[in-house]
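Here come two complexes built around chain A, the first alongside chain B, the second alongside chain C.
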Partner chain A sequence: MSIKADIKIDCKGLTCPMPIVKTKKAMNDVGNGQILEVQATDKGSIADLKAWSESVGHQYIGSTEEDGVLLHYIRKSGDEHYIEAEKNFEQTITNEELIDRAPEGGIILDVREEAEYAFGHIEGSISIPMGELEERINELNKDQEIFVICRTGTRSDLAAQIIADKGFTKVYNVLPGMNSWCGDLTKKI
Partner chain B sequence: MTNKVAIIASNGGLFDAYKVFNIATAAAATEKEVAIFFTFEGLNLIHKQGMQQLPMPEGREHFAEGFAKANVPSIPELVEMAQEMNVKFIGCQMTMDVMGLTKEDFIDGIEVGGAVTFLEFAKEAAPTLTF
Partner chain C sequence: MTVFKMTAAQVARKVIENQSLFILDVRNKDAFEDWKIEGHSFDYLNIPYFDLLDGVDEIIPKLPADKDVLVVCAKEGSSLMVAEMISDAGRDVFYLEGGMKSWSSYLEPIKVGDLTDGGEIYQFVRLGKGCLSYMVVSEGEAAIIDAVRFKDVFTNFAKEKNVEIKHVFDTHLHADHISGGRHIAKATGATYYLPPKDAEEVVFDYTPLEDDLTVKVGTSQIEVGALYSPGHTIGSTSFIVDSKYLLTGDILFIDSIGRPDLAGLAEDWVGDLRETLYHRYRELAEDLIVLPAHFMNIEELNEEGTVAKRLGDLVAENHGLNIESEEEFRHTVTDNLPPQPNAYELIRQVNMGKITPDNDEQTEMEIGPNRCAVR
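For the complex of A and B:
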């Protein structure tokens, strides 16, 4: 399946250091939190783009291969890496508590970008990226408990607030989030 | 952690040029502040004419085909990219004097300086690389 990206760049046929140089340039046009897809045939790009992302402070999500072309997904990170964002939503639940409670019903709502979800999510969780939440809110059921999760708890904090503002009461922000998730992960790639 | 990478380019062949400019552009793309000090034969790499036809090491000429096949950017292209990303080029004044070269013999945008100019930059850099 194809994974949604906000911006795509073609680095096919290019050798080191070109994929890095082009990725760096393209990143200037990517908004914070958006996904860049880098198409490359340079095998070294797997290690390079990962190292580059870590060095520069972006989130390397993963890569797939399609007909000999590597597709890398990188999420542009703003300041969230450096500043522990304040979390305001009061109803929270820990990763561990979620593991105990999820089988009792309720849904796990993953508000990360589709690409992040594709490369590893909790089995049975549903994906509605943060940016689509308001328009897709009717997919949620007010009677169910909703456990909102993202990577570090920041987006899910905002998302939980948005959902609560629509009259949902059984909403919980899951902390610390997928970053520290120890359970099994399902992929959708 | 330091954000500077200092490179000394002291050889003038095509392979040397790729080592220097690949590392320099990759570092610049990783948001490092990069300076290259060109000295002795390394000056070839930014010489207006010299850089257009840098020699392969003797007996290694057959690699030319490999370069073309791998679609590796040319040295002038890499140099332009490096300059776009604000890589600082410093020509060694002493070597230029010895070789009878002036700033006009080199591509635009270079600085000319002595060893101390480079040392001043390199004292805070990690890594410092020599090619």
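For the complex of A and C:
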């Protein structure tokens, strides 16, 4: 299946260093939090894009292979805004508490980008990326408990606030988030 | 200033002649830590090329002015880019032609010694991968043992020496590199031998390499004799050449011994390994020169670049030959094993003829250091 990306670049047939040179340039046009898809055929791009992403602070989500073409997904997380942001939403729950409460019902709402969800999410969680939340809010049920999760608790903090503003009361922000999730992950790629 | 090209052959001379070289390795950190160009007098700086995209100003002061500076990457492209930036900054600099890929493939043929009646034995040292192959030549004929996959290197060398390749042997079914044995045999009409106990799953024709089999190379009858010596694999076989050299395959190395686990049977083969190292080899003449199929690091290279040592010296010095208790021996060779070589299961499949990857895929499988030994 295809994974949603905001910008795609074609590095097919290019060898090292060109995939990284092009990716670096393309990143200038990618907004914070958006997803870049890099299409490459050079196998070395797997290790290099991952290491490069880490060294400059982007989030390397993962890669798949389709008909001999590697598709890499990188999320731009350009500034500390995403790392040290203050979390304001008051109703929170820890990863561990969420695991304990799961059998009692409620839904886990994953507000990360579709690509992040595809490369690893909690089984049974539903995906509504942050940017689509307001227009899809009617998919949620006010009577259910809603556990909002993202990678580090920042996007889910904002998402929980948005949902609460619509009159939902049983809303919790899950901390610290998928980044520290120790349970099993399901993939959708 | 200028960007110069350096070939793998030139780097090999620097390793063997103990020359100095400053290597700026621009691969990513993991790749560098796993495997790099080893030299007695080499200095290193590892900075991934993608950290240098905005300029090389920061590293220029770290590059010595009194040594050749060689930029190295996986295939070449990134090293050329970085070399050009360094040259633009006013420095002379080299890049490695073909990158680590060509370093991994390069073979340096070195003469080990003379045999009876004008015969010679050559060692093909694959510095980048730690593999050693052998050619015995005598009176217009040649035998090859443990050839790596670069068939043309061997056939061209035979042409140069004006000898016909008659016998091609593999001491065992290799797990760390792809054998060129059966391809050389096919191209030259030579006989290809493989130990039958290692060959149960192979899908091509071969001549069984049995214990005590001997072949003559040339009319003066230089003898290459097989000695069954299991332990690394169940079929592992050594050779005694001209009563002078003991080719040990992956059973005994200069500073280490073979590991018994690469075909998945460590526990079963420990006893065989012990028997070979502590009994079978001990009955041989101590003056035999041991020629292994691998070396682990360049400390094992002799002055002229060969890897060879008297059996008696190894019995005295090699830790793996001096573990008295069988229990401790078992523990050493089954519990303390280093990581297994890159893609070793796939490589075994290739050597059995079950899969036929293209050249790039073969290169990819063989990337990384040698890991056939237990220290």
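Methods note: the second predicted complex is superposed on the first by the 185 of 189 C-alpha atoms of A that agree within 3 Å, B and C clash if a C-alpha of one lies under 4 Å from a C-alpha of the other, contacts with A are read in each partner's own complex, and residues count from 1 in each chain.
One rule holds in what follows: a contact is a pair of C-beta atoms (placed from the backbone, for glycine too) under 8 Å apart; a residue touches a chain by one contact, two chains touch by 3 or more.
This is a predicted model, so every value here is computed, not measured.
Student: Should the pairing of chain B and chain C on chain A count as a clash or a fit in the superposition?
Tutor: After superposition on chain A, which the two structures share, chain B runs into chain C.
Student: Have a look at where A:Ala47 lands relative to chain B and chain C in the superposition and call it first, second, both or neither.
Tutor: A:Ala47 contacts chain C only, not chain B.
Student: Going by the contact rule set out at the top, does A:Gly13 touch chain B (first), chain C (second), both, or neither?
Tutor: First partner only.
Student: Could you say whether A:Leu185 touches chain B, chain C, both of them, or neither, answering first, second, both or neither?
Tutor: Neither partner.
Student: Intersection of chain A residues contacting chain B with those contacting chain C?
Tutor: After superposing on chain A, chain A residues 15-18, 20-21, 24, 48, 52, 55 contact both chain B and chain C.
Student: Mind pulling up the chain C residues that touch chain A in the complex?
Tutor: 28-31, 48-51, 53, 73-75, 77-78, 81, 364
Student: Given the complex with chain B, which residues does chain A contribute to the contact?
Tutor: 13-18, 20-21, 23-24, 48, 52, 55-56
Student: Given the complex with chain A, which residues does chain B contribute to the contact?
Tutor: Within the complex, chain B contacts chain A at residues 22, 25-26, 29-31, 70-73, 81, 85.
Student: Taking the touch rule as given, give the residues of chain A at its contact with chain C in the complex, in rising order.
Tutor: Within the complex, chain A touches chain C at residues 15-18, 20-21, 24, 43-44, 47-48, 51-52, 55.
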